[in-house]
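Which chain is which? They are A, B, C and D, in the order written, and residues in each are numbered from 1.
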Amino acid sequence: MPVIGFVGLVFVFSILTNGRILNPRNINLMLSQVYVLMIASLGVFMIMTVGGLDFSQGSILGLTSIVFARVSQHSIILGIIAAMIAGALMGAFNGFFHVKFRIASFIVTICTMYLFRGLCEYLTTHGPISASLRVISFDETWLKVLLTTIVITIGFLAIHFTRLGYDLRAIGAGEIAARFSGCRPELTTFLVYTVAGMITGFASFINVIRVGSITGTAGSQLETQILIALVLGGMPIGGGAKARFSNIIFGALTYSVLERSLPMVFPVSATQQLVKGIVFLIVVALTIDRKSLRVIK
Amino acid sequence: MKEVVLRSEKVNKHFGITHAVKDVSLEFYRGEVHGLIGENGSGKSTYCSMLSGIHSISSGRFILEGKELNVKSLVDANMNGISIVVQEMGTLSGLTVAENIFLGREHKFMRGFFKDTAQMNRETQQLLDSYGLNRISASRVIDNYSFEDRKLIEIVKATYFEPLVVTIDETTTALSQKGREELFKIIEHLKETNKTVIFISHDLSEVLAHTDRISVLRDGELVKTVNSDEVDADELKRLMVGRELDNRYYRTDYDGTVSDEVVLSVSNLSVPGEFEDISFDLHRGEILGIGGLSECGMHELGKAIFGGSYDRSGSVSLPQKGLEITSIPEAIKHGIAYTSKDRDNESIVLAINIADNITLPSLDVLAKKRVLNKKELHEFAQSHADRMSVRMTGIKQYVFDLSGGNKQKVVLARWLGRDSDIFVLDSPTRGIDVKVKADIYALMGELKERGKSIIMISEEILELIGMSDRILIMKNGTFNGTFARSAVLTEEDLIAKMV
Amino acid sequence: MNETISKFKRSKYFGYALLFGLALFFWAFFKILSPHNFGTSKLMANYLQTSIQYAVGGCGFYFIVVMGLFDMSIGANIVLSSLVGVLLSRQFGYYGLILGCLLCGTLIGSFNGFLYTRLRIPSMIVTVGLMLVLESVAAYVVKLDPAGFPGKLTDPNILAFNHAPWNYIVAVSAFLLMGFILRFTKLGTYFNAIGSNEFVAKSMGINVEKYKFIGFVLLHFFVGIMALLTVSYGRGMLAVTGMESMGRNFKPLMGTFFGVAFKKYGMPVSAIVIGEFIITLIFNGLVALNVPTTINDFVTGAVLLIIVTLTNRGARGSVVK
Amino acid sequence: AGEKATTAKPLIGVSIWSSTDTLGSQVKRMLDAAAKALDVDVMYVDQGHISERVTASAETLVAAGVDGIIICNSASAEMTSVINTANRNKVYTAQFFRVIDPVANPNEHKLAVSSPYYVGSVHEDEVDNGINLVRILCEKGNRKIALEGWEAGDATFLLRWEGYKKGIELWNAENPTDKAVLLDPQYGGTTSDTGRATAEAIINANPDIDALIVSGGGGDTLVGALAAIESLGLKGKIDVVSTDFLADLDEQLATGGMAAESGGHFCDPLFAFMMVYNAIKGNYKVPTDGYYEILFPYLYVASSEDYNAYAKYFVDELPYNDAELREMANMSFDQLKAAAERLSIEDVISRR
């Protein structure tokens, strides 16, 4: 279904834009937004597969971008590592409260969204944090494509060829039964949050090479973009068996195509957004799998 | 005196392939306490659920005071004079006691849009007081009360509307002695006010003492209705079990000797509130039956052996390997399999497909250097599903679409696939039809032949007698009796140790 | 003795003691660090005035959060309803402002409820889509406003809800209404029942779909009231796009967290009001200490997390998603 | 993009924080009028001053096939990506409300200078403006001045803040016996309710301030701050200055709600638009060793008469009519620059 949504959308917008979106130069531009979104979606995909939600990803991206920018002054490699560690710590913080105290994930992550955002703003009070000047030279399409491909491939392999994917879906579908089948739901969930933070920490590298310096609003709304993208990609909100890896790919692509094509057709921002909202609702209404949702919350 | 207030005519219920209630025609008199007994799964709860609107009726009808009863929900049934105390938890947490009692029936206290909560609380309190339950406060949230109190609240709820017929489904096991006395007082009171009570219980002496007539169900069919003062417990048991003792199901040998090799040793195992200080050894090739009443702690014991209980103390060890089992993954890794009584929640993941369910516990074995091969997994799942002859459209089918018996086959398939050595089977034949039952018994025999060991936890006495090399009976969280395999062992012997 | 203590620990009084204790703690904390410019009785009244608008929204949120639903379009509704109110006030004065806010809010609520129950899409997702739509509709509505500075309440004669007593009158009416709904109508009970176990609730004969719909309508009616207070409080509203209205969801939601956390003491309304007050208190305390407001989000998040952890944690082994 | 200019209508993209808030909608109104007069298409992308969305907006516009972009970025570092996108795709770009500081951001500056597609920038002298506002306040007898910004770390705010601090320094140097103090800023967001809550908090915490600077945020923050002062009964007691114009400014000035106001800068993007338009048309040659820069003046309003004139010529109608816009499009850069620097209420009156 999501494939149909994606292809349909591309088709409609190719007609509406007289094929401009398929122009080779544009494909490159279309994709430039996909990288961070797709990478960060990988972590949230895992979180959503076990049935959770994460609203703190945008703030995590902001904070890890600051960490990367700061450390990149010394060494870029160290910067990436530091950002990933920082992201992992933030993710672990989420996971700890969620798993240890059994607080609903959306409550925990809304709290930490604020918490991390506050830190991010505090750190940028006296101006944006600039990264090392060298990072800009990394802003090459081939590199971003390569890195995204590597991350996504690792994710794909881990989910398809190790027990990770099976564990995640089983836990999402029935945590108690999964526990009695030898999965470790608590540990796995905790690690999934940690890894999601770490992945977003890695994405901060690509974020920074694109923007050069970090302001207090960096990463804002990433969480909602991810949610929209994944849902457009066919991700079931309650997770479980129907989560497919392709949700990430088609979700991020569909979102980016939508985001990029709308201004071509509608010059006014308000109209762009109106159409985006309506398209989103229509696509979801047509593609959502209601059968597996016993209770629709 | 013998005025028929409620009658059922050829009532049937099908759950998929399960024919839970078969052509049951029954009459209930005004002002009588009518016992309903039968083995587990004989259809008692289902029959009452249809009466009270929880389940729809597949065919047949109920006639109340000459008029056909046609109810769609519990509240609907209440309005028509039928109420029920259900076997499972029937109260909603987060609501007050009064709100629970009047849920869906607030109209009595509505003044326009205005709900007179104070009045509702007052009336509820009076009601509670009149039952002698003044320790329960109407305006408190129900979560503040114990399971037992919640049951009593349900009983109060069920009797408040002056119903013509009150059904009390297996409630006594949830109650302490004091609670039971309170319950019987209520039943007495209902009878005095000319109400009809349908009383379901597994405690035959209790049933005999408090009912006027007793109907016996077996495999969904009505066997007989008798007057309570004309029968004794033995007679009832005969009626309940009744069927030609199906020996062909069970093992035909009566040789209970097993190897000396101890494969699993349980010592001083306790789970607070469930069972205490349990110790025993399981031998190679042994089928060890554990029996008792549902609440005796045996179900939790099975879970605890598998490492699935929180707050467990004591030890479960594998003497041959010289190690202890403390968690589920370890248990699985060292060849322990477990099927839970609560199959849908604990034995199997309903919302994933058959293939994934079968492979899930074996993933670590199937992975070569942690890498899984799709094709291999598929073949693995397919072969074990086929071996258990699961009736399915394919292994990609979701488990929630399967019938109970087929779910159970999937559960067994996954553990056979895992090549487990020790099987902890809790209620392995629960809710399963005769054919599958026979298959499962055959499988257990085969496993025994191959030197595997089985702990079979069961509420079905015949099954225990028929299959076990040794039977341990539990009562109130401790062992209360041991029986060796023998041709002369009777149900009475076992029951005597259970109650 | 132990019995009495444990009984007390579950009672309303304990809930109040806990909340006032928290408020007192934060008050004392900032008062000690900053004795002169914090927490005088006059200032406390100011803090209260700021917090009540969020508490009204928090009350609304409570209706659907107890059912386990969520709504991302609160902020967008506040913006749109405010702008409709302002637009109508140009012609009809107070009537326009009040009715514009309340009716528009309620209408949006029924629209949300309708889409949610009809399309059968999880509430969180459907309301993200609606948020996008409402934000852009607001951008169009603001263009209809003939005033030189559209969306601003420029007429000084229409600002009664901007200050005492009218802002209190409106807010307190909303709190009373919520208390009334929870206590004196079936709705409160039904919402709780649906949240507790939808299936059991259904078998008790409760029309779950209908009450979920009503939940959305009520939520957005309260959001309409919040819009009235907010637009008056700030003397105007800004149309925003690009999901920025989402920032407005969270302040009321925090009050709701308090409400849900203290639900077990049977005092959701008071908990929401006091909870929002505590959050405002902290905000003002930080300003009094001359801590940059940027760290405020950090402190708010941390405090909330602590409160939720202390009051709302699940039992071991329970399934929480 | 180059070949399109000759065949079709030029398409100019506007990357702005918001085209719907108070200042943003004024900007949009002005640009729409210019586009209509010049028969140009414009396209807006709102980016909310979120760095990654700022850089993405340039890409979105380029993908949509624009010939030129005018942009209001949030941090100078973002311009690296924006200029690279412009260079790669041969699209002209100019900044409005912003400039790249050669000292603080030498690399971005170097890139901008050498880019054949970076046309230039139209901006205000924020530091100077800050100094002026503080001077006005001090001269009115205020000695304890509080500061409310909108978003921490914003480039423009930081410049203004620097100006305020400099203004205080200057005052204190000149009046060593009668020193003034400036409090650290608190941030009130861009909406009026958060603006009010923050202003209330500031005043609650510092009851003895005698002036408040509300440093922009599009105008709504100021609306809220004034509401706070009024509700606390301090109207006329606390002098307020700001950099955004208000709807009821005349009344506020008359009743003492406001002390002074600088603003009128919504025309600034118009000049950026004209620069890009001319670059597309080939009229302005974009140097690879520099760029065009216009320093746009703030309008200062200190009395209600001033404001009424402002309202007439800037709010009710636009300061430039169709004919003037067409004429402006044909100006050389020096003429354009002069026109920008000349813009004032008197300037408009003289043209009517």
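By our rule, contacts are C-beta pairs under 8 Å (C-beta built on N, C-alpha and C of every residue); 3 or more make two chains touch, one makes a residue touch a chain.
Keep in mind it's a predicted model, so treat the numbers as computed, not measured.
Visitor: Which chain has its C-alpha centroid at the greatest distance from the C-alpha centroid of chain A?
Guide: That would be chain B.
Visitor: Write down the chain pair with more C-beta contact pairs when A-D is set against B-C.
Guide: Looking at A-D and B-C side by side, A-D shows more C-beta contacts.
Visitor: Using CA atom averages as chain centres, what separation in Å is found between chain B and chain D?
Guide: Each chain's C-alpha centroid was found; their separation is 74 Å.
Visitor: On a C-alpha centroid basis, what's the spacing between chain A and chain D, in Å?
Guide: For chain A versus chain D, the centre distance works out to 34 Å.
Visitor: Could you work out how far the Cα centre of chain B sits from that of chain C, in whole Å?
Guide: Distance between chain centres: 45 Å.
Visitor: Cα centroid separation between chain C and chain D, in whole Å?
Guide: Averaging C-alpha atoms per chain gives centres 35 Å apart.
Visitor: Counting only residues that touch at least two other chains, what does the list for chain A look like?
Guide: 121-122, 124-125, 176, 216, 221, 269-270
Visitor: Please set out, as single numbers or ranges, the residues of chain D touching at least two other chains.
Guide: 19-20, 46, 48, 152
Visitor: So, with touch as defined above, which chain pairs make the list?
Guide: A-B, A-C, A-D, B-C, C-D
Visitor: What residues on chain C touch chain A, complex-wise?
Guide: For this pair, the touching residues of chain C are 68-70, 72, 115, 119-126, 128-133, 135-137, 139-140, 198-199, 241-243, 246, 250, 253, 257, 292, 294-302, 304-305, 308-309, 312-316, 318-321.
Visitor: Taking the touch rule as given, give the residues of chain A at its contact with chain C in the complex, in rising order.
Guide: 51-53, 97-98, 101-108, 110-119, 121-122, 124-125, 175-176, 216, 221, 224, 227-228, 231, 237-239, 269-274, 276-278, 280-281, 284-285, 288, 290, 293, 295-297
Visitor: So in the complex, which bits of chain B are touching chain C?
Guide: Interface residues on the chain B side: 53-54, 72-76, 90, 92-96, 99, 103-104, 106, 110, 113-117, 139-141, 143-144, 310.
Visitor: Using the touch definition from the top, list the residues of chain A that touch chain B in their complex.
Guide: Counting only chain A, the residues touching chain B are 160-163, 166-167, 169-170, 173-174, 176-184, 240-241, 292.
Visitor: In their shared complex, at which residues does chain A touch chain D?
Guide: Those residues of chain A that touch chain D are 20-21, 25-26, 29-30, 32-33, 36, 121-122, 124-128, 130-131, 133, 136, 139, 207, 210-221, 259-260, 263-264, 267-270.
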